[in-house]
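Chain nomenclature is as follows: A, B, C and D, assigned in order of appearance, with residue numbering initiated at 1 for each chain independently.
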Amino acid sequence: MLSQNAIAYLIIIALGLPLVAGIFGLFGKNSKAFNTAVGIMNMLGAALGACGAGAFLFLQDRGLFLSSSAPLLDLARFFPFLPSHALSVDMLSAYFLLIVNVGFFLVSWFSIFYLPRESDRYRFPWLHIATALFVFGMQLTVVSGTPLIFLFAWEIMSFAAYFLVIADRSAESVKAGFSYAIMTQLGAACLIAGFALVSRGNMNALFLELPPVAGAAAVAGLILLIIGFAAKAGIFPFHEWLPAAHPQAPSSSSALMSGVMLKVALYGLLRVFETVAHFTLPLPVIFGFLALTLFTAFYGALMAAVESDLKRALAWSSVENMGIMFSMAGMVALFFALGGNGAAGAVWIALLVFAFCHMLFKSGLFMASGALISETHTRDLDLMGGLAKKWPVFSGMFLALCLCAAALPPAGTFYSEWIFMTTVASSIGAGAIIGLILTIVISVFALAAGLAAFAMVKIFAGAFLAKPRSDHAAHVGGLPLALYASPAVAGVLCVALGIFLPYFLRGVFPSAEGVMFSGSALMVGGTSFSPLTVVLSLMAAVAGVWILRSVFVSRRPRTTDTWDCGAPLTSRMEYTATAFAAPPRFFFHIFTLPLKKIISQPVSADNRWIVQKKLEHESRTIAEAFIYRPVARAIDGIAGRVKRLQSGVVQFYLALIFVALVVTLIVAL
Amino acid sequence: MYIILLVFAAAVTALLCLLMRSYRAVAVCALAGSLAVFVFALFTVAVWFGLLPGGYSALKFDGFGAVILTLIATVQLFAVSAGIPYLKAELEEGTITLSQVRWYGALIPLFVISMAVAVSANGLGLMWIALEATTLATTMLVAFYTKGGSLEAAWKYILVCSAGIAIGLIGILLLYYAVYLAGNGADVASVTWTGLLASAKTLPPAVVKLAFVFIFIGFGTKVGIVPMHTWLPDAHGRTPSPVSGMLSGVLLSVALLIIYRAKLVVDAVLGSSAWSDNFFIFFGALSVVVPVCFMIRQKNYKRLLAYSSIEHMGFAVFALGFGPAGVVFALIQIIGHALLKSALFFGTGNILLAYKSTKFEKVSAVARNLPRLAVLFTLALLMLLAVPPSPLFFSELGIFSLGFASHPYVSAIVLLALVIAAGSFFMNFMPMLFASHEHAQPLHQDKERWNAVHTVIAAALTLAAGFGIALLIGPGGQMISRIISIN
Amino acid sequence: MNMLISTVSTVLMLALAPLFIGCVRKFKAWLGNRRGAPVITPYRSLATLLRKEMTISEHASWVFRAAPYVVLSVAVLVAIFVPTVFASGSATGNLFLVSALLMVGAGALVMGGMDAASAFGGMGSSREMTIAMLTEPCLIVVIAALGSVTGLWNAGGVVQTLASAPWWFVHPFLVFTFAAFAMIVLAEGARYPVDNPTTHLELTMVHEAMVLEYSGPYLAMLEYASMLKFAVLALWAANLVVPYGILGAGAPLLSGVVVFVAKFIVVAFLTALLESMVAKMRFYRLQEYFTTAYLLAFFGLILSLIF
Amino acid sequence: MNPQLYRPLVDVLAGLMLVSGVFMLGRVRVRSLLRLFAAQSFALVLIAASGAVFEARWHLLITAGLVFAIKVVFLPLFMVTVMARGRVGERMTSSMRPALSMFIALAMVILGFYLTTSLIPTLGDNFFVAAVSISLALLGLLMLMTRKGLYGQIVGFLILENGIFTLGLALTGGMPLLVEVGVFFDVTIGAILMALLTYRVHGETRRADTENLETLID
């Protein structure tokens, strides 16, 4: 049994150690040994933090809504200059602290082996210090007890992430970093405004002591806060930066950003929903929120399905996942508004489980794709292929991670969505209008799930199956196991979380409402099933089939060519990831906005029929086409007009002063 | 007492600089003088805070002024230090001559004198003279490079600022007149800030209000309040970088301090701050929003920084509209801005020397070619964008928590403008610092050496960060509010 | 007892699946005025395949080899979970689980199809995955309708409840749902109008394109899995529409068997009838098909809410 | 002397200043402009001197002397010299024709009087001088705003300064001597600097107007 003090010390050490490691890393240049040392320090810190947070979670016996009581652990008392409870840990913070630290642990582990492979692209000191600040910011955000500290930590986190995005200092990264930065700024501005409105101007008030949300100003503040977190989480229409920025970072950092930072945005939202708003949001706000988040889930999945850049596709998948998590949060609020506390509790648990799983599989996927890209030297799925043959174990692990991302059994994500779907579907009978809304909710969820499955299959198939589509892919070397041990652990954890979900939930939420546990089974909305049984029966079925096959057939297969209709088969004939995604691109073209251009150039002068045709294909995004560009154009237009002020004519400048004087005299007196 | 020593030391420095025959001698003179000024300024402030024995009569401080004087002392020391390697490089390249360096060495102390006197003068007349003198002292610095653009900038600078300050003089005359009308035995011959505050109840409100309008618009020119800001980007963009740092960092604050004092007077006369607050909120918001339009597609990095100065000062003006708490945050804003913006301007000097252009498109991959500068410059940039632990983070947060409570819509617009401003920094500066373009490489590929500019930026960053952390953990904020409360 | 019947009926279903397909083909031949192959032909062809030597493409990886096992296991699991002969009240056949399993099966098949580097495989895979993706929302809404009407979330329980309710309780509201479900079954079973199970024309095949590179026992496994999946789903649909008389819902053993046989034949006939009447849709027109299915499912759910 | 003479005398002198101000707006040649300016400044000298004599505020005599020395004598001469050294042409460009600018000047005067009546109610006897000075300031501004020639702008600034100075005399009977000297010093330096800048601009661009000074427009 750990005492409260011990837990507090663990968490504080976990806060500080990455910073120490980062500063230490500043002196190492691109040295491998330094990198290892920094990685080990980070792992140590993360492990301690995870232990602290985990111990806190499992030792407390609290209600479902994690901070339904006062903060339980006051970290601020160790820092005399901070007001009491300005840093504090309650159940919600502890849960997300656990997520952050587990994610950071895995990523640090990975980067020990990964970064030396990329030493000619990145400067390690840069990465180390930015990562340190980034993680410090995330942890501090999660344990902050006042808006001031929250924003302080939030900004540190956001800007450190910026430097991870531009770490390779390419023009493309800087451009992506710009869209990240502007959206981050916008989000932070919304948070500042929101907290100012919600706290009535007292940024130093504890979250718990903020006045109840009442009146138009406070509701506006709440909406601004939601927008702020949505911007960080990549919710439509604030999502565009995410698929641009996350892939540009080194893969270990992408893993941190997608896997962990987005969880911090989610934490912010939940903190506000729970502690500030007490889930009492006006219905129109909930509906608007749900509409946007659900659309995000669908849209992210769609774009993940049609994207051919491996890391961008993963980032789009993150957009989808954040849409799912945010809409789950919206559903919690909706169920509370409808008085269905049990249902709200169940969705809350689904959400938290999903958050944990997403941290695992998304950081795992990014790390794995980092390992992959370090060998293939391309992010383009269309230039990969044939890797499953070269790296059977790695590809198996990648497939498992894809399974988690597609929310298929036996991964934890499946059970999260199962709890959610069952709860929502069980509540459909509550009334016609609500039923209609809930029906739409689960339809969109199902469509998003289908698209996500499509996307994941496409990613896996594009990267690993068939013949290699480029020289790099054809001549990849071996991948050492040490390099992908960390994502493998993430995958195993994600699956294990699914299989042993009832045990996990019993440990964290012993007295949950809405979800019950009996033995290995979960019970939701009057139905129950046991993840363990599902896995066992699946394994039994496969084993049975395998045994049967072995009994009936024992001849060894013969290796032949693929049927090639007589012409030698080349990799140019295969379906690429882009080709694979043609149907959704076509079916949903109003969302994918494909632009096709066929350029035909005559090859010879005397015969105009001999032409060389080239297909140029690009796709825009709806947010860019209908929101960002018009807004940018409007801002540019206004700026252009205002710029006439600086006409260069000194007489005009003097006239300005004169006019200002006269007008002020007239208005003010 | 010490302020007289300060003026004396600076004057001697100016004279000596003119007489020196070698660059090294001028540099030593300037640096020594600058150090002396710094020390005397600190003594002055210390006396005022009661830390040292001594007295003062014609020269007067309030808490605000003391802080500004400290800032002047600090920034001028930084600027002189940063200027030594900068001018040396330009001299070696033949861009300037030794006689120009001498003049430079002479004008800087004069500039410092005029600012110090403007801040500490109690008498309105003396203050006005000093303020006009700042313009005169800096005009030649703006015209330093004697090229077309510089002359144009200088012409606009002197004409617009002089006209503005002349309008401010009308305001001051009206204050004299108010005292004259009150006729309560107060000697018209010595209208002072303290005197005005003391006899505020007897002054005729109508005249004082009128005076305030003239002072606000007139001296607002010098602060760079929109729409009187037009001279500012030209002047700041054309001066040698160290001087740009001083102009941006402290000169604007000096003028703002004077407007703030006038506000205290008019508030005391009217018995409430409601009337004057509106000025600050309106013009402050305008001064934040308008420069942002120029920052978005700015081609010249020094001008971008100059517009950003307008925006930051505008934000401080905005803050002054929110009562005593607003003043605290405005002061934090001014301190942070003075340290960081001057540091950035010093940094642009090195970039200009390496790349020979102030255009964004001509500069790239600073991080590769000038790695040390790039690190410092980026840090300063971030802190200027209110990334914690920058003091600007706290001022921004504080100002908006006040602003949203009373003027939510205006605050929202201002906040949005700040976002776009930050975006313009990311859009323009980050590619210049980190990305690489073929046609935008430095003219010579020497390895970067650590010089005074780096030291100065690092020192400014340390000061700013330290101040920010002090604000976070408490004492900083309390100290500032205590300082403000002293009049 | 139930356990025993359940096991026996699952085994029965596993055994009868090829017969079902044989019946469909026979009926279809009759409807086309042909005599048709004997109904046990599918057994024969499966046996032939099992005996044959297996060739595997040199480009294929472990995924190619693993896919048949997963596909077949999933089909078997679905056969266990879904009430065909016997409606089990136990909680094993969770509806959402069934839908997820179908997706797992589809995914495995698709990857197997991609792996041999054949252009046909890739094309079929892309289409199959699209179909699976578009089926998902329809199926979930159908499930939601079934679950919210009966209050139960496992396949057997739903059928049991429907069987124990009077006919007027069930049918009016769920007619749309059943129609949607039938469309889903056709899509999942790779039948007309979504796919043509007999074609080997490059541009039209979906399922056949994916299994093009498989041979011998693996092909047997995949073919069998496909037959099993369709038979099971079709009979499940039949049991939803006419739940009465199914074993496990209070019916005596003998009548249960009789009813099952009747349903078996009728469903096979209806499938054949349908396939004789409609043409295969162009792949890019499938969005209309699935939109229709989704809207039917949606109306079914909404109607069940209103009434 | 008869104290009753003081008020009319000052009013007349102020009126002369105003008239000269309006006429200055119509001048196109630098020398004639400077002559008028010298005349206006001389009127100012007389106002200050009469203040000193009639109201026994003797320090105003020093002020008057300074004004005479600098504004009446030194600055015009200095500018003429600089102009001659720079070989700048006599004619100044303006953005409007002389007649029009004189009419606008008239409007400015009216505005000035209006502002003075409505804004500073308690002027009493000093009303006319105050109104004149406000109008002069406005005229100075107008000149700054309309002239393209650099010398015209300098003179505009000086007219503005004259107006303010007169206002100081009218409102407070003159500021403390030290302040006045200081203000004077500043103005003088300012004017000298402006003239030097003009000289340099002319050296650079061979023109002495602001047409070439309109490049910084970003």
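Note that contacts are C-beta pairs under 8 Å (C-beta built on N, C-alpha and C of every residue); 3 or more make two chains touch, one makes a residue touch a chain.
Small disclaimer: the values here were computed from a predicted structure and weren't measured.
Asks: Which chain pair racks up the highest number of C-beta contacts?
Replies: A-C
Asks: Would you mind pulling out the distance in Å between where the CA atoms of chain A average out and where those of chain C do?
Replies: Each chain's C-alpha centroid was found; their separation is 36 Å.
Asks: Between chain B and chain C, what distance separates the C-alpha centroids? Give it in angstrom.
Replies: The answer is 77 Å.
Asks: Which integer distance in Å separates the CA centroid of chain A from that of chain B?
Replies: That pair's centroid distance is 43 Å.
Asks: Rounded to the nearest whole Å, what is the centre-to-centre distance of chain B and chain D, using the mean of the C-alpha atoms as each centre?
Replies: Centre separation, chain B to chain D: 31 Å.
Asks: Listing for chain B: what residues touch at least two other chains?
Replies: Residues 155-156, 159, 163, 167, 206, 210, 233, 294 of chain B each touch two or more of the other chains.
Asks: Chain D: which residues touch two or more other chains?
Replies: Residues 119, 141, 144, 153, 210, 213-216, 218 of chain D touch two or more partner chains.
Asks: Considering chain A alone, which of its residues make contact with at least two other chains?
Replies: 643, 646, 650, 652, 654, 657, 665, 669
Asks: Which chains touch which?
Replies: By the stated definition, chains touch in these pairs: A-B, A-C, A-D, B-D.
Asks: Which positions of chain A touch chain D when the two form their complex?
Replies: 643, 646-652, 654-655, 657-658, 665, 669
Asks: If we count contacts the way the header does, which residues on chain C are in touch with chain A in the complex?
Replies: So the residues of chain C in touch with chain A come to 50, 53-63, 69-70, 72-74, 76-77, 80, 91-92, 94, 96-97, 100-101, 103-104, 107, 110-111, 114-119, 121-123, 125-127, 129-130, 132-137, 139-141, 143-144, 147-148, 151-154, 212-213, 216-217, 221, 283-284, 287, 294, 298, 301-302, 305-306.
Asks: Give every residue of chain B touching chain A within the complex, in rising order.
Replies: Residues 155-156, 159-160, 163-164, 167, 206, 209-210, 213-214, 216-217, 221, 227-228, 230-231, 233, 275, 278-279, 290, 292-294, 296-297, 365, 367-368, 382, 385-389, 393, 396-398, 400-405, 408, 411-412, 415-416, 418-420, 422-423, 426-427, 430-431, 434-437, 472-475.
Asks: Tell me, which parts of chain B touch chain D in their complex?
Replies: 123, 125-126, 128-129, 132-133, 135-136, 139-140, 143, 146-149, 151-156, 158-159, 162-163, 166-167, 169-170, 173-174, 176-177, 180-181, 188-190, 204, 206-207, 210, 233-234, 237-238, 294, 298-300, 303
Asks: What part of chain D is in contact with chain B in the complex they form?
Replies: So the residues of chain D in touch with chain B come to 119-122, 137, 141, 144, 150, 153, 157, 160-161, 164, 167-168, 171-173, 175-176, 178-180, 182-183, 185-187, 189-190, 193-194, 197-198, 200-201, 204-205, 210, 212-216, 218.
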